[in-house]
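Next up: the structures, one after another.
Each of the two complexes below includes subunit A, the first together with subunit B, the second together with subunit C.
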Partner chain A sequence: MNLNHVLWAVGLAILIALPFLAPPYFLHLVIQILIWAFIYTAWSLMGRFGFVSFGHGAFLGVGAYVPALLWNYYGLTPWLGIPLGVAGAVLLAIVVGYPCFRRRVVGHYFALVTLALSQVVLLSLVAARDITGGSLGFTQKAVGHSWYALQFPEKGYFYVIAVLLWLAGLAAWRSIDRGIGREALEAISEDEDAAAAVGIDVMRQKMRVTIVSAALTAVGGAIYGQYVMYLNPETVSGIAVSLQIVFAAIAGGVYSLLGPSVGSLLTLSLTEGLRVWFGTDYIGAANTIYGILLVLCIIFMPQGIVGSLQGMRRRGAIAKPLVTLDRQSATRRPSSAAQ
Partner chain B sequence: MDIYLLEAIINGILLGGVLALLALGLNLIFGVIDVVWICYADIVMCGMYAIFFLYAQYHVPLPLAFLIAIIGIAALGILVHLFIIAPVLDSAPINQLLATGGLLFFLQSFATLLFGTDFRNIGVRLPVLEVATIYVSFARLIAFAVALIGAVALYVFLKRTYIGTAIRAISQDREIVGLMGVDQRRIYLVVSGIGGALAGLAACLLALQYDVHPFIGNTFGPVIFMICVLGGLGNMIGGFIAAFVISQIIAIGGYYSSTELSYVFAFTFFIVLMFIRPRGLFAP
Partner chain C sequence: MLTVEGLSKRFGGFLAVNQVSFDVRAGEILGLIGPNGSGKSTTFNLIAGNLRPSSGSIRLDGREIAGESAHVVCHQGVGRTFQIPRPFRKLSLLENVTLAAFYGEAGRISRLDAERRAVEALGMVGLPSDAAASTAGLGAAALKKLELARALATKPKLLLADESLGGLDRAEMERAADMLLDIRNRLGITIIWVEHIMGVLMRVVDRVIVLDHGEKIFEGKPGAAAADPRVTEVYLGKAQA
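And then the complex of A and B:
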């Protein structure tokens, strides 16, 4: 317990010191890791309960494109554009999620329906090439340093935004983890009929977690867009980014707070490291190794990296199953929920 | 009726044949092994590359190149099962989906690494037939015919042979079949091999019509899943019909608007239908 606090303190100290010490390129990498960590955490809110969505590419795309388009065409500040984008993503989540849950579209079927949703957004963005620039991508009008436009050429600002965003994502994860809803959702993911029979409002619980997950993903997409100042349908929507989200989250581990973040850290630094290592002569080398690691990870560590490490640590301490321990620690210190 | 619309419809039917063939392979694997190979279209991509290199680079005669590709991809299917599916056979279904998804990443990037992102064509130019002022590509006609023959051959194999009967039995009741003296592991390997061979066959037909590049799987993959789910995962006849429904939506949608929008229509149609019939169009 104390060790955990010390680790958190050290981690935060490093995060605070980083912008003063790290070179810009490194900082750039860290900002990306944090933004994606936030998105992966948002995904894991659903993923951990067995609702494996390949539709987060859709939410990400809507969240990223709506504020960017509104800014370029109407000069609308992202401070209004981002909420509109989030509203769009939530609307999409409701329009697809509600009938899905009502009609009991689960498992493979849910994964494939949401995959189709991602493709719909991707192809719509490409098809509307007169407005979005299609596959060539879309660049926001740059105005230099501006709070109104939420554009900062200096990395420091986005670093702070990314850190705050990431912490907010962790807080959201934890509040669901510690809330009563978690027990309900776990019950639903194990047996929906039984859950309904003991009085759980299945629809309400599922919709709630879906909406939160979609909204946060859209926010992540918007901030990512504001940061890199270039959007491409392929990188913020469609099957590729959806798989990227699912994989990184699963590889890190969806059952633990920091799992998706570790997934983001590892996958992005691996991709980046391999890219630097191989240079541009070997396009694809990085992802080849990445793909192999993913397969190995899923075969040998289905709990994800963090989950497996925790499992080892716990097996060393007390021989009890993971879930039971989590619940005990949750009841033992309810006051620390806001951490 | 507009002559171009008619042409679009005919081309849609012809495209449907190849899609139906792919859906058959995926459905067979799902129905028997209960695993969705999300990388199925990328395995087809491997076959297309094999054909390209054998024929265009090393000047192997085309029929021989086709044969090698079909056998090679069948072997690849067996390897995929042995090394990726078999270890996760007992874990959560979603992990199986993700394991093959990892393979998708691997195949796409490995192809990029080996061959670059260039579009390559095997350079076989088949004539275009003109029937009563309607242009029909000969390559598509062949693809359609071969796809139908392949489907019928698979049907006969499943209905008439001992091992085909065993395969159908497994898809009906996985638990009991072991007691009847059927070796599940062997059946799984056979099915993966057949699934691979169908992917190889589809690769031959697609290589005649399309350029091959590392991400061609992303074009077909999602459509094939959609077809399988629409027909009811594991329901081969349903998938076969669904292939033609979807290819018609794509063809007619493409005629009235753009290619991308026609796919948007198809995917939206799929999503809406899933709400109306969650277990597929032809679910009992």
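And then the complex of A and C:
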């Protein structure tokens, strides 16, 4: 029983108690934080290996719009619509990822290609306004409480869904982190030729993590859509959302399990806090402060908030050997010392 | 075991490797030498699958491997080192080599077996194999050893050693040469050794091939190479100037 277990237990207890104690507005915030935390975690599956995608807005948009459109026009249940949306996002990931990886588009060029991708999806959604409602947005036909339509006016249901989703995202992150695949991807991110020379199928490894990341992001988009019951191209696709994903994940820390979640918690509470605080007094002030804080975070904590805190704790732990390090952080030490 | 026939590689208008043919016999150490820019490393990269040949054929035990991807060639039993060491710096020494053991077998072995094999390979080249040893602060000689350990961990039958031994002193070069000899003698691995300095190599190799401007100008015993007028002219002549 170490400190980590205690923290996890306390955290889960809070999550279980929350819907009984928290006022609806607060619960609404927490649900959003959890859904976005899941999306940021999905992004960081790729991002932590230096595959910085600015295209996740595209996967999010496809994941959100496909089930909503199928529901409104064909009455297709989201239980089928969501998998179809995910399949669409995966297809998109393959169509863009395969040529990128084949032609060794990496680093800044990869960022640019994916940036274009997210904008293509945004512009397509706006252009198809007869079907999608364009920039005015799109509202799913509401049928009240229904498992078939995956619609729940009571927040409690979506709270449970969001918690489960978030935990699934953490499990995905951890399973990649624990496997030898993580080391293979680290090797690839450093030197693709050297990785291939020891028998690593570079293409396959990169495709796999991209597909997982895109699919999870699409699931996040779909659940977000089902929850808010209103989609707008600007809020679920395009460059702005992609940037939001990248910044929040990096600010929280992409090298730690909880980094992206902390990024979600901080950015959303900050946005909400500043919005409530400033109200309509100084329009733009909230966004400016938000931007400045984010920049400071990224400059002074390149490992992210969680990464920096863990670094401090680890240094403390070496001084006090009573605290047992788990295996994971013990193997990390040489690599963080090398940086 | 390896048959190279009419191998050519063109980069735009520049013919880096021109109609090169040679055989490698099982169990030998073959030296591949030539001045800078003679096409040695390109030939290596063509065999290892890092580059696609413009024309020609490369057969490993009768199976065509020309144009295959690097990881496929590795799975076929060809290990390689790079001229400039390319360690994975975010990983420990053990992780570097474990990765090679695991993926060199296309993931068919368990992680534990891969780690065991990595410890063996690190021991063979004389590097520490405890989990904490990192690549930070390793010198040129140690990084070369890591390259070798990583290649050995993939269990090659043919080792392509790009050992342009620049950056090493005389004693380190001799040790590196002995290590290759040891690898051949103890593990029975066939070796092609690329080098641009003749001295140390000549003591160890069974046969030598000399390249100049992408063409093969000599093939034979090391002793005969030193006496060949063309080799002396393009190679040693330049080295003396």
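Assume the second predicted complex is superposed on the first by the 315 of 339 C-alpha atoms of A that agree within 3 Å, B and C clash if a C-alpha of one lies under 4 Å from a C-alpha of the other, contacts with A are read in each partner's own complex, and residues count from 1 in each chain.
Operating definition for what follows: a contact is a pair of C-beta atoms (placed from the backbone, for glycine too) under 8 Å apart; a residue touches a chain by one contact, two chains touch by 3 or more.
This structure is a prediction, so every number in the text was calculated from the model and none was measured.
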Applying the touch criterion given at the start, work out whether A:Ile180 contacts subunit B, subunit C, both or neither, answering first, second, both or neither.
second
Based on the superposed arrangement, let me know which partner A:Arg103 touches: subunit B (first), subunit C (second), both, or neither?
first
When the two structures are overlaid on chain A, which partner does A:Val276 contact: first (subunit B), second (subunit C), both, or neither?
neither
Thinking of the overlay built on chain A, is A:Asp191 touched by subunit B (first), by subunit C (second), by both, or by neither?
second
May I ask you to name which of subunit B and subunit C touches more residues of subunit A?
B
For A:Gly284, is the partner it touches subunit B (first), subunit C (second), both, or none of the two (neither)?
first
Tell me the contact category for A:Ile200 with respect to subunit B and subunit C: first, second, both or neither.
second
With the two structures laid over each other on chain A, which partner does A:Pro302 touch: subunit B (first), subunit C (second), both, or neither?
first
Let me test your reading of the model: by the given contact rule, A:Leu112 touches which partner, first (subunit B), second (subunit C), both or neither?
first
Would you check which partner chain A:Val143 touches, where first means subunit B only, second means subunit C only, and both and neither mean what they say?
neither
The intersection of the subunit A residues contacting subunit B with those contacting subunit C is none
Seen from subunit A, its contact residues with subunit B in the complex are 50, 52, 96, 99-100, 102-105, 107-109, 111-113, 115-117, 119-120, 123-124, 126-127, 238-240, 243, 246-247, 250, 282-288, 290-292, 294-295, 297-299, 302
Under the definition above, what is the set of subunit B residues touching subunit A in their complex?
36, 84, 87-88, 91-95, 97-99, 101-114, 116-117, 214, 218, 221-222, 225-226, 229, 233, 257-258, 260-261, 263-264, 267-268, 270-271, 274-276, 278-279
Residue ranges of subunit A in contact with subunit C within the complex:
180, 183-184, 186-187, 189-191, 193-203, 331, 333-335, 337-338
Can you tell me which positions in subunit C touch subunit A when the two form their complex?
48-50, 69-71, 74-75, 79-80, 82, 86-92, 95-96, 98-100, 102-106, 111, 114, 131-136, 150-151, 153-154
